[in-house]
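One chain, chain A, appears in both complexes that follow, with chain B as partner in the first and chain C in the second.
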Partner chain A sequence: MSAAISHHPEAPTVEHGSALRALARAEAKRFARHPLFLLGLAIILVAMAGSLVQQDVGANPMFGTLFIAFLIGVFGFIVAHRLTTSMLRTRDLTTTTPVSRQQRTLALCLACWVPAAAGVVVAVFMVVTAAIWEPVGDPVTAHVAWFRDDPAVDVLATLVAMGPVAALGGPLLGVAVARWAPFRGSALIGVVTLVFLTAMPSEAEAHWRALSAWPLLVDEYINDGGGPVVRSSFVPGVEPIWEMFFLLCLCGLAAVAALLRDPGHRRELLGAGAALTVGAVGFFLLAVA
Partner chain B sequence: MNTVTLTDLDRSYGRTVALSGVHLALSPGITGLLGPNGAGKTTMLRILATALAADRGSVRILGADPTTNDGRVAVRRRLGYVPQETGFPRGFTAFAFVDYMAILKEWTDLPTRHEEVRRVIDQVGLSEVATKRVSALSGGQRRRVVLAQALLGRPDLLILDEPTAGLDPAQRGRLRDVLGRAGEKSTVVISTHQTEDVAALCERVVVLDGGRILFDGTVTDMVSQAAGRVWMAAERHPAAQHAWRTGSGRFRNVGDPPPSAELIEPALEDAYLLLVGDSARGTDLEAVS
Partner chain C sequence: MSGVAVAAVVVVVVAALAQPDAGVSDLVVRIAELLLAGGAAYLLDDAAVVLTTVTPVGLWRRRLPQLVVGVAVLAVAWIVILAVLWRQDSLPPWPVNVELAVLCLVALAAAAVLAARDEAEPGGLVAPAIGLLGIGALIADLIVAAELFVPRDGSGGDGVRLAWACLGGLALLVIVVASRDPGHVGPLRATTARRRSAASHTEGRTD
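Let's look at the complex of A and B:
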């Protein structure tokens, strides 16, 4: 609803109602301009340019999702955490404005479309370059057959889950951690925990890997006669498409957790949280069934 | 018409009583709030700014009840607040910070918002440093950045907690001009230790001590209470509550003068010192008896 309020005859008219949109835009701009986010993007750009120049035939194309997950997802966690806690310094000012802290949290969550969009762009780049350049070399070491041999839906689900979804999930988790643990060092603890959880060993059972946010590729050590080589393939026993939906539900849960920190809309948030939990459990079971 | 009504207001922090049984009604104009450190001034201002709730009593601000969510939002839409101390998020320029605060105050239309931000930045004399990072500004300039955000939208209620702290005489003069204009239509409450600012700006003065109102009236009335109790002498007089050597080498004595004292016109500071001193002595006597 929009209401016009004029404080004094000469005062400009203030339009209420679309503050959330304006604030989300401002937070998105802050996110996009954050040095750490830009650094992550710059490294990815350099890596992408390098792969274009070298036509990286010996590498697994899916390996690039690591860049997205780490340089956008994990860096994004820190950026989102920083943006969320930065306004604590002006607490006395920001708490006396009509926009509530919960709305500010929501704006920060909405601003996470920036890293997610960056993840999409990089993922699309990977798909396009992999489609354009015909793979050459040893198909085992190159393992570029993923576009042809594996089901397309699994390939795309893996790409989305490990790319844009990871790029979205990291920052959303950063907002949630910052809201619930706004102390110095919580970002570091969060990042270490995140990396630890996602760096699940290859030999871990499928359901444990599926629970972590980095479950869809596993390293295999192959000796093809010319020395041992490492290649990645899908984790056996994990359905990528359901895993992708499971991770999306986790993203939603992170946002709900962040919003639940402040009073207001409790019933709706708890409802959404319950639905997302049910969804997450359901998709997880489907993923490892 | 009263814009602010506080009735029988109490507020404590643990065992420390910050406000006790405060009754106050304010109307448009400038009111100065004086009192020693720990008198309860900041607590009162934070209650007026809806940053803090009272333990007991009734608060009515601009026709709204700030104990309800709707009432708080209604007040905040018409409020400008300068807290005693505030930090700034990293990376913001003066313009960007005021712009961000404008979004939090629901200025959603970009051209209108930027026009308003430029207006208030110009009003506080920061146009030349608007594109500088806040971290690169001097303490006085930062204080004016906070003042600028408070002036957004020409608020009906302007609350300033020690706004002149850190400002040089020229900046104080400019601030007086800005506040003088604001006080023509809005209710302005200024807490300060600078009695000369109150004397120069305020038509009304409220003195707080120990969480209670010691005086509430016009500046002239307060000054008249010190009539006949300020005198000049060659020496510090033992009966004086306060005495200091002036630039002329003679002593300005404030207290109960001897019969032959050379009485002079009192200033607001003299009246304040007497009022707070008498209150402290009264408390001491009560404690003894």
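Let's look at the complex of A and C:
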């Protein structure tokens, strides 16, 4: 009787760039077709249609970023988490493919540009509608956090930071959480913690609010008797442009954290992580200086 | 599931320690409620459902041990949270307990529906959905100022309480309907089944 020992064959290697591109495209398609992502988009579309019918932007034109952050960013967290854990649920299949797990994680991170792009589209819609129906306060001369009363750089940086960057950061964090904590319940704990940590009360000091992953950079005011918002203004003591770069560094750190779960390219990733950490600290200090 | 329960307790304890004099805010308590309700969604998970369904043991009999232990864990976590809130003088009114029970029932109902559709581990889908739904309701509560949750000060809110009670009843109904055991034959069905069996037996003889 003879016994043949067959070693588990190493996965064949393929060209990194093309495989990664193909994988990122596939993951992007999966992201775009995920029912939860589509549900978030559908709700946003209803809200956009409502604003078109209403033909009024109100005194806080940044209000729409809440929809982007929650319906694309937070929903995207769950979508990215599900897509990432699906890689673990089908471990038998994924280990036979000629790409490493780190490449798959990178592809998932690249696929997070789908929600970011959706966030950009909604932000552009906000700019266009506000250009058609100019946001005004009550009275008309009241300050409104938009192009008429504030520098364009501040307005655009705030719009990007609270909109598309949030739509990018949530899913990236979802990938990182799923890679490091793939246990049942981590999606629920992650999403609730994310909202809990970002929900800074409006009474909080400016630097605490700037530290949040979704900083409220605009204050809105209502009359004493309640009712609609009558004016809005940027939070004093926070520079929106630096805050935006700070948040982008946090997004980068989430991606690096996700990739660090696997042993490959450890030195490069640690270097990138260190640079992003220094960048985040620097931009934060500039933002609250 | 126990991880979620621990997370709920940790959230409340951290909030209590962070601001010992201010008390725990309603937002934190509701987040803990959402975590516990999300945890309830895992109580019907059965990774080995393909094997356990072919056993002669009924569906509820199979679920019972996991349900009892899970409910006990959730109850202990909630009692700990209430104890922390009591120490902080921010104990919510009793309808909040009903609110949590209804949220758990809704989570169980959604999980039962998915389980009936051959999803072995519905908790992984339902728990985040409960979290998102709850957070969405909290945001809507803040923006629209519509009372979706039971008022914490105990004043008014009869309509909200009634709505929560109706939701709980509906969730219970869904759980019962979605958890009908296809292999179980009740007393009424048993009589019919016996008649049918007897009839087919007689037909077989005459043939």
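Convention: the second predicted complex is superposed on the first by the 242 of 289 C-alpha atoms of A that agree within 3 Å, B and C clash if a C-alpha of one lies under 4 Å from a C-alpha of the other, contacts with A are read in each partner's own complex, and residues count from 1 in each chain.
Note that contacts are C-beta pairs under 8 Å (C-beta built on N, C-alpha and C of every residue); 3 or more make two chains touch, one makes a residue touch a chain.
Only a predicted model underlies this, so the values are computations on that prediction, with no experimental measurement involved.
Of the two partner chains placed by the overlay, only chain C lies in contact with A:Phe70; chain B stays clear of it. Legend: residue contacts after superposition of the two complexes on their common chain; A:Val195 is shown touching chain C, with no touch to chain B. Of the two partners chain B and chain C, it is B that touches the larger number of chain A residues. In the superposition on chain A, A:Ala26 makes contact with chain B only, while chain C stays out of contact range.
Touching chain B in their complex are the following residues of chain A: 5, 7-8, 10-19, 21-23, 26, 30, 33, 86-87, 89-90, 92-100, 104, 264.
By the touch criterion given at the top, residues 46, 49-51, 69, 73, 76-79, 81, 83, 85-91, 99-101, 103-110, 112, 115-116, 146, 149, 153-156, 185 of chain B touch chain A in their complex. Listed in rising order, the residues of chain A touching chain C in the complex are 36, 66, 70, 74-75, 78, 81, 85, 183-189, 191-193, 195-196, 199. Across the complex, chain A is touched by residues 1, 3-4, 7, 11, 27-28, 31, 34-35, 38-39, 42, 45, 121, 123-124, 127-128, 130-132, 135-136, 139, 143 of chain C.
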